[in-house]
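Chain IDs A, B, C and D follow the sequence of writing; residue 1 opens each chain.
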Amino acid sequence: MKKVYGSASEALDGLLQDGMLIAAGGFGLCGIPELLIDALVASGVKDLTVASNNAGVDDFGLGKLLATRQIKKMISSYVGENAEFMRQYLSGELELEFNPQGTLAERMRAGGAGIPGFYTKTGVGTVIAEGKDHRDFNGETYIMEEGIFADLSIIKAWKADDTGNLIFRKTARNFNPPAAMCGKVCVAEVEEIVPRGSIDPDLIHLPGIYVHRIIQGPHEKRIEQRTVRQKESA
Amino acid sequence: MPSSIKGWDRNQMAARAAQELEDGMYVNLGIGIPTLVANYVGDKDITLQSENGMLGMGPFPFEGEEDADLINAGKQTITELNRTSYFDSATSFGMIRGGKIAAAILGAMEVSERGDLANWMIPGKLVKGMGGAMDLVAGVGRVIVVMDHTNKHGESKVLRDCTLPLTGKGVVDRIITNLGVLDVTVNGLSLVECADGVTRQDIIGATEALIV
Amino acid sequence: MKKVYGSASEALDGLLQDGMLIAAGGFGLCGIPELLIDALVASGVKDLTVASNNAGVDDFGLGKLLATRQIKKMISSYVGENAEFMRQYLSGELELEFNPQGTLAERMRAGGAGIPGFYTKTGVGTVIAEGKDHRDFNGETYIMEEGIFADLSIIKAWKADDTGNLIFRKTARNFNPPAAMCGKVCVAEVEEIVPRGSIDPDLIHLPGIYVHRIIQGPHEKRIEQRTVRQKESA
Amino acid sequence: MPSSIKGWDRNQMAARAAQELEDGMYVNLGIGIPTLVANYVGDKDITLQSENGMLGMGPFPFEGEEDADLINAGKQTITELNRTSYFDSATSFGMIRGGKIAAAILGAMEVSERGDLANWMIPGKLVKGMGGAMDLVAGVGRVIVVMDHTNKHGESKVLRDCTLPLTGKGVVDRIITNLGVLDVTVNGLSLVECADGVTRQDIIGATEALIV
């Protein structure tokens, strides 16, 4: 059970196919699988559908895969930081399926948990509900949303042991666990790989069963909006 | 309507919104004026949720202490507190959808007299996405909108019907504007409070929706 | 925001009502809210419906509430260790709704996450599916199961801080987090209460938002089946 | 059918079942003979799931080292390994339902030629509940049944149709009995292998279901 690979491109070897559905972790530029995205760019794989809360920025994260036109369709909740994305979308070169953020997270988690559909109040009475099944429970109306079953998941964690058990750090956890769960195969990039037994089994955020291949950084970990307060105002 | 009526400024609106919060509440604050509400909670024990996966959001970090792994839902660098917990996005929106967040204080483009809310897109303009707004308004215990009563053209943002695509239908409980406080009731909009120097008549005059 | 209470009966004060639906954590006798169960017995509250994977044993855990006939209905996956349970069930004194274990866990988690219904393959073609909505997704048949929305959750954790952030220990975690999530109010009993800030925020299993009241042990933590191997066979 | 035909004993059946497991698999073993399979995996890297919330189940503890917080799905005290992780029941059955567990090896009362499985209740007898069995057979990648070919009355447990209430419909992939190995195929039961000293004709004779 060898899960540790030498590089992002090695870790993706044999997993890529044009037209595939990829689920990606991360929120904004926080906790994104930046090395695996670079390797996807290098691979030339195309016509991708990518389920990811955001689409990166023009020169970092999924923005790079948009720049090379390798993405056919995005499933996202917010894409406001990406000018090239907007250009492709408004010109019709790129499909975009907006999902409310919680619906997107739950759709990934559901796919990973073998749940093909679930009911939610989110989006009832809005454009999101159009064409979706409506059903009442206890006098309230809900819509059905479907689980996402991805061909491949790409995620970023903080630490892994060599059996694929993962821990995340602070808000960089975000979409990474649900994205990992919904993929047939999941590749994780981490900042450090430690020997099995190094992580307390009670503290593992994502068990290794969800993680098939692992690579180690280094990561740029770019900050999107650096906001600070002054020492003197404290 | 007389454009001379000013009522509350941004900070006074935030201070008024802070009165909505009670000790022990878990709260989600939207961007803009809602963010300012945190400055006015006083010694009430309020825990702020950031929907990207955190309860117990702290202030911006000191210069040099920013952490790329610690941001809020507006993607700004922030800090943690001694009550903080982190979790994934599915869990985060589970607690939102499941009604565990007592209140969300959000900005709005338009609110209708039946509590419809529009705050995520303007057709024909750039569409950025709803982010977590639709989940929040559908799930949290109480939705409080804080916004200017009128737009920059002086037109009412409190309407009989929203003209923009909805974020949620019948989701708003209370509207706090520069002119006062309105509740969405089964009978329609009910005036709860006028801002300093503002009369009931001023608010009726500035409001397209019916006030009952 | 005072969450720490002095005793189990104080922590349940004002929360109990005949006929209410209670979700209880624990698996077998592992990680069960033993002190809160004792306080329910003492309270005399009756006609309870209890959603819990098991029903304890005759003289420990939920078995005590069965002995006093305070439970009207159980929602469980396995009740094999409890003779009094069987007697009441076979004599028609007790209602029993069998749920597959994973369906029960997911129904609790769904209720806590505002999901009133979801589709699962579990139980299709069995008695479990009778009377439930069937629906096909991608050529496979699924049944709809409903979220559980409990009036009260009673759970057991290892440690809490005074804001209600919880950590569990080993397999005593089990149903406790989903049971906690699905209650309007959740009361937790723990072995130790530590000051806020004592638990790394990345290592909290259940955030305090789910936990309204906390009490501290001591706990008996009875072992149901003590199985060992011999040193010499190692 | 000739009752002199014995075929494999319990340990040989477990050893045969262990051949189904491949390096790197995550596996759930039921109680009874399936539990013995763990003794025959050799140096294959197998991770055992216990559906009450654990991956990487270790052996029973040494006397005096039992931990009330560490039990398996059969409620027995166990130990952890250096690969172990713990999680809650919703996550545990999420990975089962989601197909992350490669295989489950389970006992059975009856199996039909279409792969129906009955192993949770006998009407009129005490009903203990299905526990996690229905979730396992519906969710895992491959369901392997290990059982005696006939019951204590010498009657076939491999049937055209199950007579007992089902645990799952069309869920069994392979049946390993004391007499041999059968696969459930779209065309019916296919004989894969005969136990030592057992002939195809012996198995056909001992089986109510059709073997194609």
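By definition in this document, a residue touches a chain if its C-beta (ideal position, glycine included) is under 8 Å from a C-beta of that chain, and two chains touch if they have at least 3 such contacts.
This one's a predicted model, so the numbers in the text were calculated from it and none came from an experiment.
Looking at chain A and chain D, the chains that touch each of them are C. Looking at C-D and B-C side by side, the one with more C-beta contacts is C-D. Taking the mean of the C-alpha atoms as each chain's centre, chain A and chain C sit 32 Å apart. Each chain gets one centre point, the mean of its Cα atoms, and the points for chain A and chain B are 28 Å apart. Averaged Cα coordinates give chain B a centre that lies 36 Å from the centre of chain C. The multi-chain contact residues of chain A, meaning those touching 2 or more other chains, are 106, 109, 113-115, 120-121, 168-170, 173, 201-202. Contact of a single residue of chain B with at least two other chains is seen at positions 80, 86-87, 93-94, 96-97, 139.
Contacting chain pairs (ordered by label): A-B, A-C, A-D, B-C, C-D. Those residues of chain C that touch chain B in the shared complex are 1, 109, 111-115, 161, 163, 165, 181, 196-197, 201-202, 204, 207-210. Here chain D touches chain C in the complex through residues 50-54, 59-63, 65-72, 74-78, 80, 86-90, 92-94, 96-97, 116, 126-135, 138-139, 165-170, going by the rule given at the top. Chain A meets chain C in the complex at residues 106, 110, 113-121, 135, 137-138, 140, 142, 146, 167-170, 173, 201-203. Remark: chain C residues 27-31, 53, 76-81, 86, 98, 100-103, 105-106, 108-109, 120-128, 158, 168-178, 205, 221-231, 234 touch chain D in the complex. Note for the complex: chain D touches chain A at residues 23-24, 26, 45, 47, 49, 55-56, 80, 82-87, 93-101, 138-139.
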